[in-house]
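Below, chain A partners chain B and then partners chain C, in two separate complexes.
And then the complex of A and B:
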């Protein structure tokens, strides 16, 4: 080998070092993430635009129920990484973390439990399905369809959980059963209701029974959108507008936009999942009403709000009503007790086509890339047992609507009459994509905020027809109808 | 012209715009500071003046230090930012020097290649990078970030230093070589001291980017106490739609301190490093 001069050494070192980042950047180009699988048909969604009057109980094929058994010895010494979204009720998050740690100690498994802000979860899951590093992930409604090829089939286990709990609620079946299979364990979801100030609405002329009577007799204020807007107009005139987020965040904007659309006769698609049913005359009329109401009743800065702004505005007594889970109430009991005392929750207002909620289940899935699939299954079996699941469900004080029917009559719903109305979510709940089926396309439309942006465009331009035409065109690109 | 004119002209032409600019720049820091010292209840009471503190409290800082792993986040961020900056500057000095001073086949293409690498958005690479990190079993270790950050720091720092090295007259270095110095010796003893402003500005740039980086830190190192400040702040102080405003602001303030501290010491060199060659004198 010839002698290398200092000059040559420096040249080659520079070449090698300079090329390193480029080589790394190019050599590491992994094949792109597997394209989303073709949508498969899940069971038919409830037809028609009229909401059913009674919740449907639907258990899937009988299968062995999940039993809390001692975990097998082979998982001892392994590790388990669990990733969830942050909880709307902090106590639930703390409890889940403690439960996971306790289970790990009992079974000799090193458990790490991490919680990320919901918008940050998908990049992390995206990397994990390619590279591993996480065993169990929490999935927002619809994601169990999106990631189905990367998830372990949990059909037998989920069927066992359903059977033991008297069957999964209809909203769970609609939003997690994928062509007869479960690729993730449904755990229910956080409910939504109209949060309102009792005394202010009474001043505006609303007939509001005592909270205990409402809960006992199921007599929650039952308003139409027109009635609700009429109260809102009076209250905004007093400096107490309604608060509604129309920005890009995962919860509140979607929770309002979809139900308002459905209750006024429009849908993303017809039952076939292809024919766009968005640009309907009755929806255009309803949107015109909403544009007017936005000026007359709402806090007009809501177009830039995310999920947090309405909580802060309600607790600051700036708004008279807002759609939200019970997190405002739970937080107010600690930080703003006077607000908590004067607030209650009621049903989503109804429109000519009925009353609707956008309500689907979240799930816990095991990634195929996991190095500890057995350990992950054992943990989920243990967590799904009544003792653990019940404790986790109850500590969220009505924020969480459970996966199976048996929890619908749990004492948690009567302990505080002000949260009783959250039991109505499953009854009126529909999934994204309704009247078609929730799936990859509806998840895409949801992720692109097409329905929400239609409302935002309408309120900003004042042109209901143009906004809805825009939305219909965008939906057409996704659904191909 | 600066320094001339009547007092009135100086007030309205210089000081007033500067004061307005200062208020505009510092208001976010002022807001963060006062919110971090307010009790949570006060944030929701509109009868209070939002620009002042009615009830002073340390509870948000106590929460940050007692209920979160903030000290670990701080330590992690410091280790990752310091190490990745050190590696990046070391490599960039060698690359920049070689490209500026040595003639070898492909040097121009290499220079262009490095610049092209800088143009690749890091967000496009996080999934392939994740596979590399997984292959070497580096998830949730400092090395996951220490080795990945230089991939987007080195291209910029090399480009910056290459430009800076070219502004230093060759004759100085050639004199050293004639007097018996080696290439490496002249780089260390002659070029680097003269290029110190450029090296410092590349260092500050690298440190700031590493300190604030979010996506890679979220994907590669975000389990338990192994978080950096940007990731820990949003994952542990935002619970879905409930934000711990006071502690969020406290974390943001404390997270800004090291960068502000470094800037305050090296701001002159930073400015001269970035503007080297901009004006021919």
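And then the complex of A and C:
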């Protein structure tokens, strides 16, 4: 299609529509009343081809993490706005906020930190990408690819962090490296594991060794989906169903649906990123099992659960198991000690094609629209320092798997054996869009809940084949296969 | 302190005269209605241009591009709209929006009318009750939606708890997870929120119905229903029509209630245009496609708006 500028379009549209004199005057004579957002400058060269306005510290030299007092004087008197999603481990959020304030006071920078409800994070980042106003943003899986043109290249800085930490963890290399570049600093992976009630599963016939033994030997209950459903059936009959969200929320539904799909031989696309590999006979069979399991094992109200419901249901002893981060355990230790004492975490059940997790890599990026790129870099350098990062990583007690190798053997993983299994997530991890490349299309599929809704449709209609065919058709529309 | 002019003040006097002439001409211009009218309208027109016309035309432009947030797009013509015609989620969304609007508006109208008739009678604490009735309309929707969110909670709903404690049900009601129940639950919340608007508007209209007419009808032997049907209803019909049209427009373009309660789930069974456009445009960052979804509402809303304006014009 030929390119038509916005102003030409506005002028012609106004004329063609015989708009009011005011509109005509505006469109034909006056410049737009407000500066147009960058994204509307369609005819201009893509921003990707433009170099950053000025060389950055990170771009000029591999930058080892700085000491708190190392920030340059020129950032004094500036301000810095940081946007993150709400932490499920409240202590982690409080600590990050305090750290940012402390750093600001030490360096004369006014720092503001905002923590948004997860579903509101992406739209707010989108607005900031268009209009500015935020310097550092927390990016979820795929977003650093989505916004790469609008993010400051942090490759040298990130490589410096990796070098200091004995190299990035494999999940970082698999999920954040974009053609050899880092457009955001990887800070961790918010892991998922199967939270379960020890005594209830033992009653249902599960063989569950002592948590300390599991952690020491690295042998956690290694269930298949079939075995897991069998335990679930017995437990639901006792009024203790499994809890799983299948609604339109941003965390738990995807954390289950993608791994179940992968473990049963299906994927969104083949490696070419176009050929849809979703409608596989083995996945249809697995979906039939899931439909039955949904009735027999699960709390069927899960189709409307959000990311909080399973936490509350587990802590109030209404469900026997649920996929979640370590946040349920951490909260239970404080407010439901009986539950904490009787719960543990284990690996995601496996299917005929193996065991998989969806990567939940978190990165911190600096927007090119930021008016304080230097200050943002200085903050990230300071935050990435072992002292700050270590404190932030440890206080979350397993909710985040750390970004570099050196933290894999950190005492936090052995201090409490019940969180040890979270170290295992990344090695089974895959990204959205697998086996293709994560990016705009996989993000569109994720945001439209195509995979999650395939499961929801299947449980509603009881027709596995039709639900998967619907999902495959929707994926085809997105990936163009 | 005395004000003494500079030494060359006298010499500069002739230069002042044209200025005075200019001001006089401005004053003369302002005395003309044809000049003053548009001038007074200018601030309002500028506001309309900045906050309505510019975003509107920008939206049209975006809907014809493949723009994503953070990346400029190319002109793709009507491709985004063509894609929507074969998009099963969009079709489901259109169905949902149609059902959502056509079911809730009549309920709101009838309940609002009944409420207004009741509130128009003498009763103790009448003013207090009238103010209370307006509460669902006054409370910010995001806040009242959170209240409904708690009522419809799949695990901790007070309704489910109550019915279970009475032995009427054995498991929690899946208010927002069952496809049929989900859209029904949202419609109930919408009716709760929208009824007071009808009630208050119609109540105001009822108070303008001349008491003499009603008395005359009563003397002629008309019963309560006949008086309402033949005297009251014609007198308030204008307000009823306006509120109905406005309500259709607002319900059609709703967003907050659905976003807070279900975000379009389960399996898109509660998506309406606003939430689907938000989902695609801002969550998935495909702002061009999102704008196209939002703009599909425009022709229907435009027709309703034209009908409303034409009615207002004929009435005024």
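Keep in mind that, in the parts below, the second predicted complex is superposed on the first by the 411 of 481 C-alpha atoms of A that agree within 3 Å, B and C clash if a C-alpha of one lies under 4 Å from a C-alpha of the other, contacts with A are read in each partner's own complex, and residues count from 1 in each chain.
To be clear about the criterion, a contact is a pair of C-beta atoms (placed from the backbone, for glycine too) under 8 Å apart; a residue touches a chain by one contact, two chains touch by 3 or more.
None of the values given here were measured: they were computed from a predicted structure.
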Which superposed partner A:453 touches (first chain B, second chain C, both, neither): second
Which superposed partner A:473 touches (first chain B, second chain C, both, neither): second
First, second, both or neither for A:126, with chain B first and chain C second: both
Chain B versus chain C as contact partner of A:440, first or second or both or neither: second
First, second, both or neither for A:327, with chain B first and chain C second: first
Partner chain in contact with A:318 - chain B first, chain C second, else both or neither: both
Touching partner for A:302 - first (chain B), second (chain C), both, neither: second
Which of chain B and chain C A:273 touches, first, second, both or neither: neither
Doubly contacted chain A residues - partners chain C and chain B: 6, 10, 13-14, 22, 33, 123, 126, 130, 312, 316, 318
In the complex, chain A residues that touch chain B: 6-7, 10-11, 13-15, 17-22, 24-25, 28-30, 33, 81, 85-90, 93, 112, 114-118, 120, 123-124, 126-128, 130-133, 251-252, 307-308, 311-312, 315-318, 324-325, 327, 331, 335-336
Residue numbers on chain B that touch chain A, as the complex places them: 40-41, 43-46, 91, 94-95, 97-99, 102, 104, 106, 110, 113-114, 116-117, 120, 125-134, 139-140, 150-152, 154-155, 158, 182-184, 215, 218-219, 222-224, 234-236, 238-243
Complex interface listing, chain A residues touching chain C: 1-4, 6, 9-10, 13-14, 22-23, 26-27, 32-34, 36, 38-44, 46-48, 119, 122-123, 126, 129-130, 146-147, 149-150, 246-249, 299-305, 309, 312-313, 316, 318, 440, 443-444, 446-449, 453, 456-457, 460, 470, 473-474, 477
Residues of chain C touching chain A in the complex: 45-46, 48-50, 53-54, 57-58, 60-62, 64-65, 67-77, 79, 83, 86-89, 152-156, 171-172, 174-179, 182, 262-268, 278-280, 282-287
